[in-house]
Amino acid sequence: MKGGEGEGVDVTDAVARRRSDKAKLTNDAELQRHYARMLLIREAEMRCGALFAEGAIPGFIHLSNGQEAVSVGVMAALRPDDTIASTHRGHGHALAKGLGLDSFFKELMGKADGACKGRGGSMHVADLSVGMLGANGIVGGGVAIAVGSALAHKLRGGDAVAVSFFGDGALAEGVLHECFNVASLMAAPIMFACENNGWSEFSPSSAQIAFTLEKLAAAYSLEYRRVRGSDVEEVAKAAGEAIERMRSERRPCVMEFMTSRVRGHYEGDMQRYRTDQGSLVDPLDVTREALEQRGVAPEILEALAADARAEVEAAVRAAQAAPDATLQSALEGVYAPKERA
Amino acid sequence: MSEARFAHAINRALDDALERDSRVLLVGEDIAKAGGVFGATRGLFDKYGRERVLDFPISENAMAGVAVGLAMGGYRPVIEIMFMDFVALAMDGIVNQAAKLHFMFGGQGDVPLVVRTQHGGGLNAGPQHSQCLEAWFAHIPGLKVVCPATLDDAYALLLASIEDPNPVIFVEHKALYAMKGALSEPAPKAELGVARIERAGSDVTIVTYGAMVHEALAAARSLAEEGVDAEVINLRTLQPWDESAVLASLSRTHRLVVAHEAVEAFGVGAEIAARMAQIGFDELDGPIMRVGAQFLPIPFARNLEKAVLPGAARIVEAVRATHG
Amino acid sequence: MADSGANENPIVMPKLGLTMSEGLIAEWRVGPGDEVQPGQIMFVVETDKISNEIEAPSAGRITRLLAEAGETLAVGAVVALWTGPAQANVAVEAEAAPVIAALAPVRVASASAVRIVATPLARRLATANDIHLAEIAGTGPRGRIQARDVEAAAAARKARPTAPPVSAPTRAGAAPTSKYRRLIAERLTRSKAEIPHFYLTAGVAFDALTALRRDLNAEPNAPKLTVTAFLVAAVARALAQHPETNVVWREGELHALSATSVGVAVESPVGVLAPVLRDADKFALYDLARAMEAAVARARKGSISAADASEAAISVSNVGMYGARSLTPIIDPDQTFILGVGAPHGVFRPDANGAPKAVQEVILTLACDHRAIDGAAAARLLATLVAMLESPLRLLLGPVS
């Protein structure tokens, strides 16, 4: 977000034009990077769906198609020493925070050198080295962990922050309410990032949630902002501003990103209950149109897509060739060895 | 040796841990200024301040999860769940998060977290403030469970728990806090998973832990008058438990009683009895007996609570039953 | 309770004999939650006559025990609940069951009647010391053999290396008195006190029977016939010829029995047992011998089936194999006669010409209940019996119709 917008105007037209071009170029380049990351997440998740369908990935797979702009936009504002705790729909968060594609696919296929040695799978992908504290199989399960992480940042000093991603379904979990109170009370540097896709698993959230997040935040004296979650630039801008404030002021905030869940609750969900397909907004379409309007050539956009496909393809092949997880390793991995303490 | 009470031993272990390791934090309800409901954290807030001794709102669910986040963030939190009954509110953080993370993330990180809590009856605190729920946690891979019986246990085991890289459920007995005793000098050390023979004997092995150790010792004294020489093993750690120590004792005495205050059915004693029936089968010269609370919630009324909770007399009866 | 529900059916106190009205649960062999297989012994019932192992008639799970060991319950009372079929009654309807059907099947489960209860350590020590657990009397609950019993036995053997392997109490004064021993004591004391006994004695020339038995047993494929088998067959046939003697005295009245049945006294680990061979007159010698062999084998293990407990007017007690000259026995309190049989011995008897002739003779002593029978009737019965035993070929004929 270090672009040229809003800088001084006491310059000549020519300079101003050049600067404007440069700003546009900078914005284009940044947006292209966002787009490339979103494409990568989309491509990876579409491959997940296909691999699940052909049986190469077992278990429960929750895809975040339609929510990529939130992952990419928020993570654009974070540093490696910032931490996030994610949800069962966490592929996008993990990849955007920096989990490698190879580790990702190996984990989902249950391979020995997957991100979690094949013990966690899709619902538990994690990479602590990049501050990704794990997807979580328990709705609301990551929220308290993120608050704890934020408190750790605060106690340690410095300006690192934590982000807790959760869906609108988690608004009904008691722990979230407790955490709002705790974070507010203890002034933890945490962003409660709600990805509101309108669905609480298999039911519309309107049938499950009797309040608005805005009012809930107010009740806990938490700053609140609603953002169009399908626009990666808007997400990045809003998250960037909020996070900068959290770094300096060391206090929590709530952000509600309005998104679409394109796929079912998990792969294999027939979605007979869905009636909202017509209103879904694809953040990739939004971003591609923005780039086209800014004059980015279709060949460039196609090249970005091709890059993403190639990268995913290579990772999938590496994962397929990798050795399976072993029981011996799992048996030895239940407790941390004392030496590490 | 210095005369002290059980609560002082806990307090001193926490004090020493805070002193030695700046990563150690205390988190709990009313533990700061108030010093904890049983006084175990008294004075520590004044000494270490609000950044080391954190009062937490009455939110056990969040507390457990927050502690996991703190542990993943490089700290070594010791949280206090005021009564063991309240762990029911904190189960997700303890069981689904803390116990699983090291394993589930492929060993990427540790969760050096201690959950201090207290169990047991004897104070007429009724069904929701008297339970012994340690078996719940001993059943969960990834958790360790510790239960001290003496002042030395309390001090040494708590320090060992804080130093352990895994989540440890540290269960104190509320009736022990006021127990007087002596803390060894120099300060005792302990290793998790190692039992101790509190009284050597040749005729029967009584395996127990926590406050029940004292009942077992009383039972052993009374059995000695009948000419029965009982060995009393203080398990100290329930998960992992010292299987080899129990088997070695059984191989000497050939009779086994497992006693705990927790409800007998599906309890820690069931596991020990089952394992010994399996690996110690040929050593047995009588049925393995269990002593535990009857199968009902701990009732309030004095006479009822007294009737339900097991004590030395029930242990003596069980020992007799092993001898036929 | 988790197990309660519509699938529970009662297990009742079985009727194990015509006169049984109540039974004592001596022991449970199953507990709540146990899965039982058909034939598995569920509990042991003691009546004043017998100790009886009650088998599960089919598979099922025991859900609750409603009676405790030591409790006496009326026939038909519910003793436990299980998931097996309703009317799960193990009572064998004695009057309907023909002898062969009741006695012929091999009772697989009866092996457990001799199951030795010992602790794992005792078993290990016994193996290490090469001591058979069967030689040891357990001093633990239910006679359980514990390490101390094995150690005592080992020490005793060391002290007396030539001591025969007989069951003996390991400590003076420690001889356990079984429930069954007490029962025998009580019943026979009552018999001797209540029944006006009188005795008839006869010598039987046994040469013909001995020769016949030798010839028959020389047949390579034929089952071996015991002296007792001939005796029981003869007694049954004699009794059938004198139906007026097939009676018992019960509660101040004379009762005629419908079946001609004979009891056989057998030495068992728990004391003397007398399984009854029902309708013993209706079977050929070999069939009867086979049935008797099965009943005797059961009794030797201390086990008795329901049919073994049928009512009878007479029992046979043969101590000839031990060399006793004669036996003057005590009548079973539920019967009218008991025949004591001694060992064959050589005597000179006058032949038809009055010349002395060496013969093998067996002394029969018939103890009789004078309340039910008079001397003449009893003497006629004995005479018929003697005649049959002295001309034993008749016993090979088919059963009297």
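Every chain is named by a letter (A, B and C) in the order it is written, and numbering of its residues begins at 1.
Here is the rule we go by: contacts are C-beta pairs under 8 Å (C-beta built on N, C-alpha and C of every residue); 3 or more make two chains touch, one makes a residue touch a chain.
No experiment lies behind these values; they were computed from the predicted model shown.
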Problem set entry | From chain C, the most remote chain by mean C-alpha position | A
Problem set entry | Chain whose Cα mean lies nearest the overall Cα mean | B
For this session: Quick one: report the Å distance separating chain A from chain B, using the average Cα coordinate of each chain.
Result: 41
Exercise. In whole angstrom, how far does the Cα centroid of chain A sit from the Cα centroid of chain C?
Worked result: 85
Problem set entry | Distance between chain centroids, defined by C-alpha means - chain B, chain C (Å) | 59
Exercise. Do you know which chain B residues sit against two or more other chains?
Worked result: none
Exercise. What residues of chain C sit close enough to touch chain B in their complex?
Worked result: 119-124, 139-141, 144, 146-147
Problem set entry | Residues of chain B touching chain A in the complex | 25, 51, 54, 56-57, 59, 61-75, 92-93, 96-97, 101-112, 141-142, 144, 163-166
Problem set entry | chain C contact footprint on chain B (complex, rising order) | 254, 281-286, 324
Seminar exercise, completed: In their shared complex, chain B is touched by residues of chain A numbered 83, 85, 114-120, 124, 126-129, 133-134, 136-138, 141, 143-153, 155-156, 162, 174-175, 178-179, 181-182, 185-186, 330, 333-338, 340-341
